[in-house]
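The letters A, B, C, D, E, F and G name the chains in turn, as written, and every chain counts its residues from 1.
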Amino acid sequence: MPPIADLISWVMICAGSFFLVVGAIGLVRMPDVFTRMHAVSVAETLGVGLLLGGLMIQAGLTLVTFKLALLFFLIFFTSPVASHSIARAAMADGVKPILSGPEIDARTGRLLPAGEKDPKIVTPIDAGEAESSASVLVSGGYRDEDDKEGPKNV
Amino acid sequence: MFIVAMIAVLIALALAVFRALAGPNVFDRVLAANFIGVLAILLLAVLGFLNGRPEFLDVGLVYAFLNIVGTYAVLKFFRYGALGGEAPPEEALDERKGASGVHEI
Amino acid sequence: MLGFETILAVTIAIPFIGAFAIAACGRIPNLREAVTLTTALLLFFSVFNVYDYFQGGLSPTAGPFEVLPGLDIAFAVEPLGMMFAIIASGLWIINSIYSIGYMRGNNEPRQTTFYVCFAISIFGVMGIAFAANLFTFFLFYEILSLATYPLVTHKQNQDAKIGGRIYIGILLGTSMFLMLPAIIWTASLAGTLDFAEGGILAGKASPEVLTVLTVLFMFGVGKAALMPIHFWLPAAMVAPTPVSALLHAVAVVKAGVFAVVKILVYVFGIDLLNETGAADWLLYAAGFTVIAASLVALRQDNLKKRLAYSTVSQLSYVILAAAILTPISIAGAALHIAAHAISKITLFFAAGSIYTAAHKTEISQLGGIGRRMPWTMTAFAIGAFSMIGVPPTAGFLGKWFMLSAAMTIEQWFAVGVIVLSTLLNTAYFLPIVYKAFMGKEEEHHDDGHHEDHGEAPLPIVMALTATAAGAVLLFLFPNLFFDLASQLAGL
Amino acid sequence: MRLDVILRIITKLLLPFMLMFALFVHFHGDFSPGGGFQAGVIIAAAVVFHALVFGLYPTQKIVPMWFAELLMPLGVAIYTGVGFLTMALGENFLGYNVLYFDPKYAQERGVIWIEVGILTTVSGTMISIFYAFAGRGRQK
Amino acid sequence: MLHSPVRFVVLSLLLYAVWLLLSGVYIPRLLIKGAVICVVVAYVVDRVRLLDNEGLPLELLPRAVLYWSWLALEIVKSALNVTRIIISPSLPISPTVIVFRPSQKTDVGLATHGNSITLTPGTITTGISKSRNTIEVHAIERDGAAGCVDSAMDRQVSNFERPLVGKGE
Amino acid sequence: MAAGPVEVGSFNFMDQLPALQVALPMFAATLAAVVRKGNIAWLIALMTSLSMPIIAVLLLHQTFEQGVISYEMGGWEPPIGIEYRVDTANAYVLVIISIIAAIVMPYAKRVVEADIPAEHQSYYYTMYLMCLCGLLGITITGDAFNAFVFLEISSLSTYAMIAMGRDRRALMAAYQYLIMGTVGATLYVIGVGLLYAMTGTLNFNDLSGRIADLGPQRPVLAALAFITVGLSLKIALFPLHKWLPNSYAYAPSMATVFLAATATKVAIYLLVRVYFTIYGPADIVASHDVDTLVLILSLAAMFVASFVACFQLNVERMLAFSSVAQIGYITLGISFASQTGLTGGLVHLVNHAFMKGALFMATGALMLRAGSVKLDDLAGIARKMPITMAAFVLAGLSLIGVPGTVGFVSKWYLASASFEAGQGWLAFAIMLSSLIAVIYIGRVVEVVYFREPSPAVERITKEVPVSMLLPMWLMVVACFYFGINADLTANTAASAADVFLSAIGNASTGGE
Amino acid sequence: MLEDIVNYYNYFITLFLMSAGLYIVVARGNMVKKLVGLGLFQTSVYLLYLSPGKILGGTPPILGEGFTVFANPLPHVLILTAIVVGVATLALGLALVVRINEAFGTIEETEIFENGSEVDPPEPDNKAGGL
């Protein structure tokens, strides 16, 4: 193996390792399940990609490389599915995301001035968050009714 | 060098295990568990290199398939209190019926 | 006449097969009892057959049947066992006759079970009598214990349950916890369990170990009722009278003292015990039991209980005699086994006779009963005299041998015990006889039902007359037992 | 889940590869023994995945309950059947040498049939278990 | 017989390619075995109707390469951003949820968009509604949330899905 | 393995016995699962069970004639391939299990019809056959990991069988057994894993030599500890016996009989195999006082469990506690590690199987007629079911160990071993604990014979059918026959003990 | 030190999983959680068998002649087998819990024992049944 390839692979492996650990630290540091997901996605994209890429270079053009590639694609395609499913399930289960910042008009996506609120949007969440300093912007009336019916057995 | 990767994976694993144990809710745990699964796959890959045992990669591939099925199963269980039962009404009422992939042979 | 080779096995098997035959005839009482009697007669005949061979210088054996490597069931004849077999088989005939009268007279339930268990008990006795080694002896010892349990608990009421618990608990407990380890210990020390002249333990164990072994054996043989493990005997008084007779005369306690003598003579050996002093304690334990049991007997108003404590006392007589450890005393022990058997069975038959005819159980109720039941009370008197040791009754013989042996070796403790206990015997038996013949009948009865009772049913009277006569005949014609006792003691 | 587009599409993409991979693991001669188990698990996982995403009912139309239950003893029967076959041919139980003139391939052939048995039992068991649970949870 | 013959053939070939790459042993026996297995799997998949334009969007294959390389770059950029946030001692997050209307016309397009958002660290698709044509996103930063509306990604995906528009819906 | 073309030979029954011993019940299980008819499944199970003793006895005979039989599975040579290794020791255990199975099956039909709904009977017999296969497999295999697999096969089917008991407490019993049993099996396999990591082999015989070379290193000792604790759980060695009483009491009657007579025995065999064959050459068990520990636990079992048995209101639970105590006898014998002691322990394997088999068959019969085995519900039942109760009493006498019964033979060996080892006091402990059996058997006797029958008992009109009485009495007769003529059992057990003891301190025997 | 940790990592993890699993089995009253703990406990085994043969200084296995076709298959097979066993155990355990829940109305061990599982149920309900 050319030394330069070797070097690149080691750099990739180290960088991948770094992002894995960063993701894991984020998983511990972040305040709620949604923000934790973001942290994990760092590890599952960059971390996994770099680490497996580095290993692939180490393996050279062999069967192992292809298996590693397959592994990469599997993780790459399935981890968003997992994140998405977890997020949806958490939302449906009534887990309230910790939110901050001013509200955004749901239909235009335009930022509203602080304290102002789109009056046409009825948010099921902000009723319970009245005292919270975090302002809520969501998704009001059009979340599917049946999504909220899931039994709360957590 | 593989050892560096391995230690990184193990540290990440430890942190993920902490989150899995600490929760606080089931979605945190599922998230952590899914991540642990990914880390396990990586660990297998790295170990395969470290020990010169490429067959660990096959185990990794199997694990990758199972990880996603497992995660989804757990989520579905906690969402509906059942893994399948009859198809939940949400699916039956899908406005795009016919295109949902549900067919009879 | 059966062959020499098979006679012993057949003899032992007769009561066992008889038990099955009795069970098979359970539906027809007359046939069942005919079978019982036939079996008893066959057995007696067969035992005498063995005796003939034995006295002819041949020694019939059976076995060995190997149970385990080094553990055999084997049978052989020796004088003491021969004597025991003759007593037991002879008394079984009489006891069977008595039982028929008693069980029918009292309308007892479960009579088939009764006769079957009785036959199995006799089977146990035959095994014990002819056992050629400790294991065989132990096997049949336990068969006897277990087969008598249903007899003791025959009434199946609360008292029977409690009495049965004590009975089986003590007998199984002592034999399993003390005697069985002693047997196994002996096996590991001596490498054999065969009864042998001069014993098998000589040179195999230290005096300390021997002492421990004697303790284990002597208390392990719970049937010998050495104090303080005697109380199963009074507890077993809940049983019907024929069973009491079986326990006190025919089988159980006899098996106990028989075992004591046999173990001392054939396992330890008299010489070894004399050398090492391993059984010295036994003399004092037995002496204490003799006196203490007599004192307790003195205080009993219940007739059967008084007889029971008398038995405890008399058994220790035998043990005391054996513990003197001289040939003459051993012969005396053997003779006393026979004498006590015939005498005590008479006394129990009499007690049962009184119960059957008058439903009386307490001594204080017996005033004047001798006038209503002259046969019964005469027999009772003969039995009592024999127990005290008054000639011309059988009891005199054994006591005479014991006393002379003790005096010969200047064993004054034994002499004292024998003399004192004779006085005590007199004190607890004579008043009964006196009261029965000279006392006044009680004025008032709660139930007028038995007021006009006479003698007990004929089979009962026949049986007790026969045994009373036996007690006298044994004194007059002691040759049979005398010979065997002499052979045992090597005189 | 209503309109779970992402999941549905990924599932459709994934399932063929899962099945292929299962059979690859199983039939690829170079694979060490144990492939049957992995393959069985993956096949069962594919069925489970299908049921999770598209619902139990459609899945049971493809793989009925009775069929899954039959697979369990069937697999064991295949396993022991191969053993009995080798025995009938004069070898030891599962001594594959008699299955082909070349012992090397004979062994491979034997292993693969054994693994077919394992695959059958494992997938049958897993699917049956899933069906048993998936069918229950809701009833209160 | 076959519900979708073209896709069946393509899937068979695709599977077989993967088989060959996995295998590494190229002897006739195994090659034949692999071919048979891949065809059988493709047939089964076709029979159970998993083989449609969602399951195997053939039309997109050329554009996919282009799109994924663009996305990879996006992922790296956002990942570095999130990394910065995680390792900052102050943890400067401003979590935000936003709902917006994407411009995609097909399910595959919508899924790709949602998947891409999720793949990009810092944003997660928490819901997609075809009927209302909305995507709900949770972002770790306010800017990230705002950036989803009428984004470059939206345009890229719409471009990517173009061959499917108006077909087989 | 031969190189080059292999000729197709012909089937030789005598050479294939080891495989048939395990494969037949496994195959029969699949048949039973498929037929779905209780009667046919029973017939399959019966035929299989009846054929098992034939194979086992032939194997035992072969070990006497030819010594050790090594049977390679899957055409791979040991130690890589799995080896079935039959010597006199495990052939002896095979004979015990298969004979019990053969006696139990005729008995099973009526009780299973009463306990298990018709639609589940074939499933039940499937589980029974799997259990039988597992038990035989544990015994026959020469591979530590393979033993684990069979252990789990038998355990899983056991949990399923217990769960099918007639009331809901059976479910809890099965669950708790599942937890304990799995922990035990896992500990065992962890220990095996440590040994594997140390030696790279799983073959008992191979391990034997390797461990002798390694000596008492820490991982080797850790493995010993794991295996001891793990198997003690399966054995139900005091104080790890908590799962046993409920499992036996609430399982379907036939499962109770079969399990009580066989299941723990096999685990004991495995422990002995590990102690003597694997650890024997290095003499690690005795030099690290494991034997003393086993001795103490055995004594505790003999007394505590017997004592607890005296207070049970349910006869099956009472007998279950008695089993825990009896297991103590067996392990006590093993702890002596002497010819006499080990023979005593091993002979008690078969002896206890006979007496507990008979006792549980009797309680199963009582259950069938009276619908309960609670002591109070059995008052006076001896009048209605005299044959069953007579069997119970006679088997009970054997449990007490009166001479002339198998129980006595066991005690004889154990007590003799105590004196040989200079530990005479143990003989007294053995006798004392066996006397506790007098109390609990006596309690039953007093209730069933002396008490007046309750109305429920009065309604019983007949004894159980001959198909149940015959197997029950066969067991009882065995209790007495092998108590009077113990040559067969004792000599075989002694030969088995020889097999184990030949390994002790003899490093050269391992790894042929 | 580091090398030790690396060399023996699987033993540390094994130990951790074992203790964690056992703790859950012992400490939890919820039967499902107990099963989860049991699963964790069993997982420790897989790691143990993953360890290469030489780690503790033992001797490597002797491969007989004629093993050209298959590499030493043991650890692989062993772990898979252990997994099968684990899965089967877990499945059976869960099936039992489901039925316990149906029979007792709870899956808390303490509640079941408090409500007197020792007392006979009113009638022989729940007449057996497959899982």
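Assume contacts are C-beta pairs under 8 Å (C-beta built on N, C-alpha and C of every residue); 3 or more make two chains touch, one makes a residue touch a chain.
Just so you know, these numbers come straight off a predicted model, no measurement behind them.
> Touching both chain F and chain G, which chains are there?
Chains in contact with chain F as well as chain G: D.
> Going only through chains that touch each other, how many steps at minimum separate chain B from chain D?
Steps on the shortest route: 1.
> Closest chain to the protein's overall Cα mean, using per-chain Cα means, please.
Chain closest to the assembly's C-alpha mean: F.
> Could you tell me which pair, A-E or A-D, is linked by more C-beta pairs in contact?
It is A-E, judged by the count of C-beta pairs in contact.
> Tell me which chain's centre, taken as the mean of its C-alpha atoms, is farthest from chain E.
C
> Could you pull out the chain whose C-alpha mean position is farthest off from that of chain D?
Computed centres place C farthest from chain D.
> So, what's the distance in Å between the C-alpha centres of chain E and chain C?
Taking the average C-alpha coordinate of chain C and of chain E, the gap between them is 101 Å.
> Report, in whole Å, the distance between the mean C-alpha point of chain D and the mean C-alpha point of chain F.
The computed centroid separation for chain D versus chain F comes out at 34 Å.
> Need the CA-centroid distance for the pair chain D / chain G, whole Å please.
22
> Roughly how far is chain D from chain E, centre to centre by C-alpha average, rounded to an integer in Å?
Whole-Å distance between the two chain centres: 29.
> Considering chain F alone, which of its residues make contact with at least two other chains?
Within chain F, residues 1, 3 contact more than one other chain.
> Indicate the residues of chain C shared as contacts by at least two other chains.
Not one residue in chain C touches at least two other chains.
> Hunt down the residues of chain D that sit against at least two other chains at once, touch-wise.
In chain D, 1-4, 6-8, 10, 12-14, 21, 32, 38, 62, 107, 133, 136 touch at least two other chains.
> How about chain D: which of its residues touch chain E in the complex?
2-6, 8-10, 12-13, 15-17, 19-21, 23-24, 27-30, 50, 62
> Write out the stretch or stretches of chain G touching chain F in their complex.
Residue list for chain G touching chain F: 14, 18, 22, 25, 31, 34-35, 38, 41-42, 44-45, 48-49, 51, 53-64, 66-67, 72-74, 78, 81-82, 85, 88-89, 92-93, 96-97, 99-100, 103-104, 112, 117-118, 120-121, 124-131.
> Flag every residue of chain C that touches chain F in the complex, lowest number first.
Residue list for chain C touching chain F: 65-69, 71, 73, 135, 138-139, 142-143, 146, 153, 156-157, 160-161, 164-165, 168-169, 172-173, 176-177, 180-181, 184-185, 187-188.
> Using the touch definition from the top, list the residues of chain E that touch chain D in their complex.
Per the stated touch rule, the residues are 11, 15, 18-19, 22-25, 29-30, 33-34, 37-38, 40-42, 44-45, 48, 50-52, 54-56, 107-108, 110-111, 114-115, 118, 125, 128-131.
> Okay, in this complex, where on chain D does chain F touch?
Per the stated touch rule, the residues are 70, 72-74, 76-77, 79-81, 83-84, 87-98, 101-103, 106-107, 110-111, 114.
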